[in-house]
Amino acid sequence: MKTELLLFAAGLALLGSELGAGSPPTPPATGTISGKVTYTGTPPKMKPIDMAKEPSCAKQHATPVMTENVATGPGNSLEYVVVYISAGDTPGAAPTELARYDQKGCQYLPHVLPMQAGQVLQIFNDDQTSHNIHPLAKVNPEWNKSQPAGSAPIDTKYDKPEFIPVKCNIHPWMHGYFVVLNTSHYAVTGQDGSFSLKGLPAGKYTVSAWHEQYGTQTEEVTIGNGETKTANFTFKALPY
Amino acid sequence: MGIDIQEAMHTAGTIGPPGLSDGSRLYTQTHPRPERSETGAWIGIFAIVMSFAAFTSAMIVRQGATPDWVHFELPRLLYVNTLILLTSSLTLGLASKRLRSVAGFSATAPTEKAYSEGMIWLAITLGLGGFFVIGQILAWRVLAAQSFFLSTNPSSSFFYVFTAMHGAHLLGGIAGLAYMIRKLAKTNGTARTTGLPALSVYWHFMDGLWIYLLVLLMVRT
Amino acid sequence: MGKVFAVVLTLITLVSVAFFAMHTWWLPPDISTTGKAVDRQLDETLIGTGVLFLAGQLMLGFFAWGASDKDRAEKIKPFPGGATPLVTAAIILVGIEIFTLTFVGSKAWGAIYLTQPDPSSIKIDVQAEQFAFYFRYQGPDGKFGGVHPEKIDDGSGNYFGLDPANDLAARDDIVTASLVVPVNKPVALTLHSKDVGHSFYVRELRVQQDFVPGLDIPLHFTATQIGKYEIVCTQLCGLGHYNMKAYLEVMSEEDYQQWLKTQGGQ
Amino acid sequence: MHDVSSQPVAHQHIAPTGFLRKYVFSLDHKVIGKQYYGLALVAVFVGMVLSWLLRLHLAYPNWHIPLLSKFSSTGAPGGVMTPEYYLSLLTMHGTLMVFFVLTNAPFAAFGNYFLPIQIGAEDMAFPRFNMMSFWTTFVAFLVMMASFFVADGPPISGWTAYAPLSAVGGDAGPGLALGQNLWAISIALFCVGSLLGALNFIATTLDLRTKGMSLARMPYSTWAWFVTSVIALLAFAVLLPACILLILDRVAGTSFFIPGGLILSDKLQPHSGGSPLLWQHLFWFFGHPEVYIAILPSIGIIATILPVFTRKPLLGPRALIGSMIAIGFLSYMVWGHHMFVSGMNPFSANIFSVPTLVITIPATVMTLLLTASIYGGKMRFDTPALFCLGFISVFISGGISGFYLAQPSLDTYLHATYFVVAHFHFVMAVASLFGVFAGTYFWFPKMFGRMMNETLGKLHFWLTFVGVYCVFMPMHYLGLVGNVRRYSAFVDDYLAPLIPVHKFITIAALLTGAAQLIFFWNLIWSRFRGPVASENPWEATSLEWSTTSPPPFDNFGGKHPVVNNGPNEYGIEGTNGSDYVMQTAAPRSA
């Protein structure tokens, strides 16, 4: 009698497992890597940009715009650091949404624009003056186009991962970066230096943090289902 | 201005065989003017002199501009080439001396001997010209072996530019020489080689030009 | 037809001259110590050439008028006196014109370009680049820092390629995008270019001087009027040429000192 | 010349059969002359359209120019020109006009056609060189046009291509990579073509003059072409080396014109020690004589045509020829006046200024002689005559402004402003083109055997004459205000008030340009419909009028004219009641 019951139970179990296999697997909860990027030492003090040459831009800024090569925030936080998965991630197809880059008040917004290789990049001129976009690409093809006031946005894309400095040949102070990555998991630190990479399946990752002046740092992070791990980066800043 | 001289030339010129000084086609014989190809050669030389003057002044200015001028030893081979080129001028002289009668400057028909000798000398000249050009290219290789390239230093840049320009002009002369030989051979000597004097003028000039360049390069590099 | 030509030509001539004479479009007032001579030179040339222009054009029209509507019978008239007096007259008149212009003009030119700057003048380093001017003051230490092209980085505002890390003289150098000078003080500029040829042109100063890559070119002036003036580039330097400019701000001595204080070094 | 007699050379008497030899690779100087003229027409049309676009953009910067975006979507997104595209078109306008129009039309085109005929020769001295020179120029033109269709368009460094902007390559801006290479190659080719042409002109004038055609008896146009070809021989012989060095700097990494430590596009350039001023010296050593290469032939043409219509001899022909030679000579001592403020030693400015001003003397002499030649004449106001009068007027206007720019002290203010643009357009472009127009209306009957339409001709003259003054006179005023040239937009505060003037100029330019369409139409119409021309419709004296219209293949139908008179025999008792004596007529007992 006992054996029958056991068999029955086993059968049920089997059946259950059969059914389980048949039904769609509930996706394993994805994890997140978040953290804060800070610096030690004294960073150079950012300089005010004199836009007198371009009155239409100058009048858009109550206080002078500062250079952004080492932008810092409260608590030694470091801005404009690109944090991304440099290994362990299998890049999917390029996302359909556009990466938008604005020229406004003779500034590049955002200062650093990360995007996935192959993603469509749209460049807008929101100013009353002509701008010139000159991404100094080395791996990808280099180009240099002017965009008169009120003309249509420029659509383009980059196929190979690269950190591309962008300059405006008409307004020498305008400098920014296109960061083309082989992953869909990336973030740029805000003024508080914080970032978070969401939607990571369980696994072992190499997380890299890149800063235009202080280079790249990496950290190994392993996360399980639904875990949230912290990864902090600290760059050494020099006054000059 | 030279107008009066020209007029004098005319009046002198109009004394020609009777019946030719009228409007008939033979009028030109009554004008003691140089062979047109020879005039052309001289005008060409004029222009070439100007070009190389420009190059030279460029060299002087450039050398004065910044103290980055590196002096280097000219390949020995150049002196050999110089000898070759000088000889070629000599042989061309011998050739035209023999072919002169062919060239229609004297009434006497060319002797068979003069013609064949002249042709040989022409051929030799052509050969020597060819050797010179090859020699120059070898000289480049010598220099390149010492890793002096076109863009290495202004001194080497100018060396290559000068030699190349001269070589190019000389190739023109060689082409002319070849054409002359072909023309003569086809008609075995009966063709009037009116181009020959012009060719000699040009060839000797190329010779002189090279000497000038060699001295310049010796002094400057 | 000849009469029509004469009338049209006369009209064109008079209208053209009128606009010059009335100064409808004219130079801005001069604010330099050397500009007066230039303006005088311009006036002299204007009168001299104005006479030539009127004479030439009106004579042409007059002759065309006279030469028209002749019937077949009429004989042609030779020009009175023939060519020789005409040619000699031309040579003498134009010769005199040239002589005076050269004589006076060379002085006006010399005053700007052939004189040494006053030793007490403020030394300012000017760098032109595609497509902006940047100006460098020595700062408190009265010394310019060394320039290292490879260190130039517009992104971080190091337009001159200074090396404050290792070069103490560079640390207090003041770098600005506007040329600020005190009134009535001699200023000695050193012009050099970061990339291609540019030019320094201030209409009110009556000076223009090219920047030549690889050369340091001196230029000095003294501004006599407080105000804000435009410095523009006049040497084709690339796509942003039209937009390459900066401002010259002439201040009172006090304002200038005040301004200097507000400017931090590197 | 023995071969003429004893052994006729193929080209001389036997007209070629077969289309290619006859019309394309022809050795006949007349065909080659027409080919040059045609090339100049194409070039001038392109150049003119470019100037329209430039003017439109300056006056109405935000106006979407129709079709322009079709032609270049990157250069003019949505029809609005980018700054670099403006400069590309500016460069092409200057280059095409200076080289392919002002050098080709008055000198190469008319010179080729009429120099041999006017001296009674059957052809040029070296017909093969002649053909080569045209086809080299033609290839140069194709190469230049090709730059419109390469990746980032034609170069943006202006027709003067100042180094290092023109020498460092793509880092300096759009159009400076492949576009600038094509430019340099094209100009180098053009030099070769022009050198061959000049050589030919000189040899022809020296060796092929017919019996009795002493230098003193040559028509003034022939004189002008002769002097010009000597100038050209020297000038292009200097520009060619300059171009070669430029090309080497660009493709071979040499440093002739590029100094060290240059940063372009944030990249340290791999050059050292070159001298940018070297390019300027070489270029202007060519560039200034080039001005006279453009204007002297026109002066010669006018001096030849004017007496035909005033019906009286030209005043002081020897002084005129002397002035031409003097100008040719002086033109080699004045190149520095383009560089007063370009960073060369300021002392040399004073030195260069003197010969520059001295040039105004022969120029004034020529102008006065031409003007005075009209006095007391029995003027026939056909279109060529009108363009002669117009020429004198614009030449005065353009020459006068030379007084200003020749003085370093004024050049410090006026250099690189629209005053300069006004100056060289009047004295070089418009004057030279008026010569070409006069020549065209005058010689068209000889070249095509048909007269041009007078009504259209006069209309063309009046619109053009008034038009050019409306376009270029105001530019002097802009210059006085300090309006810098070569700006693709006027963003400076002090330039804003000048926009209305620019609008006026633009409209005037469009209308003047439209007037040229009348000329183009007249050419085509008259070619087929024009009244048949007699041998000598204008009652002129020079040799081309003593042969059929158009002349036979060997110009004089196997005979050689004998010249007994000068070209200047007007207003006298001619044969059977005429008031002139042909050069070929029996010697006058006087």
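As written, the chain order gives the labels A, B, C and D, with residue 1 at the start of each chain.
Everything that follows uses one rule, which is that a residue touches a chain if its C-beta (ideal position, glycine included) is under 8 Å from a C-beta of that chain, and two chains touch if they have at least 3 such contacts.
From a predicted model like this one, the values you see are computed outputs, not experimental measurements.
Of all chains, A has its CA centroid at the greatest distance from the CA centroid of subunit D.
Interface comparison, A-C versus C-D: the higher number of contacting C-beta pairs is recorded for C-D.
Mean C-alpha position of subunit A lies 50 Å from that of subunit C.
Averaged C-alpha coordinates put the centre of subunit C at 29 Å from the centre of subunit D. Centroid to centroid, with C-alpha atoms defining each point, subunit A and subunit D lie 59 Å apart.
Counting partners per residue, subunit D has 82-84, 173-174, 259-260, 266, 273-275, 277, 489, 491 as the residues that reach two or more other chains. Across the assembly, subunit B contributes 65-66 as residues in contact with two or more other chains. Shown for subunit C are the residues that touch two or more other chains, namely 129-130, 153-154, 214, 238-240, 243, 245. Looking at which chains touch one another, you get A-C, A-D, B-D, C-D. Remark: subunit D residues 62, 74, 77-78, 80-84, 152, 170, 173-174, 265-267, 489, 491 touch subunit A in the complex.
The touching residues of subunit B, when paired with subunit D in their complex, are 1-3, 6-7, 10, 14, 21-31, 33-37, 39-40, 43-44, 46-48, 50-51, 54-55, 57-58, 61-62, 65-66, 68, 104, 150-151, 154, 157, 161, 165, 192, 194.
For subunit C in complex with subunit A, the touching residues are 129-132, 153-157, 159, 163-165, 176-178, 238-240, 243-247, 264, 266. Interface of subunit A with subunit C (complex): residues 44-45, 47, 49-54, 67, 69-70, 129-130, 132, 146, 165, 167, 169-173, 175, 212-213, 238, 240.
Across the complex, subunit C is touched by residues 82-84, 87, 156-158, 160, 162, 164-165, 168, 172-174, 258-264, 266, 268, 273-277, 310-312, 315-316, 319, 341-343, 346-347, 349-350, 353-354, 357-358, 360-361, 364-365, 367-369, 371-379, 381, 386, 389, 392-393, 396-397, 400-401, 403-404, 407-413, 415-417, 458, 462, 465-466, 469, 473, 476-478, 480-482, 484, 486-494, 498, 501, 571 of subunit D.
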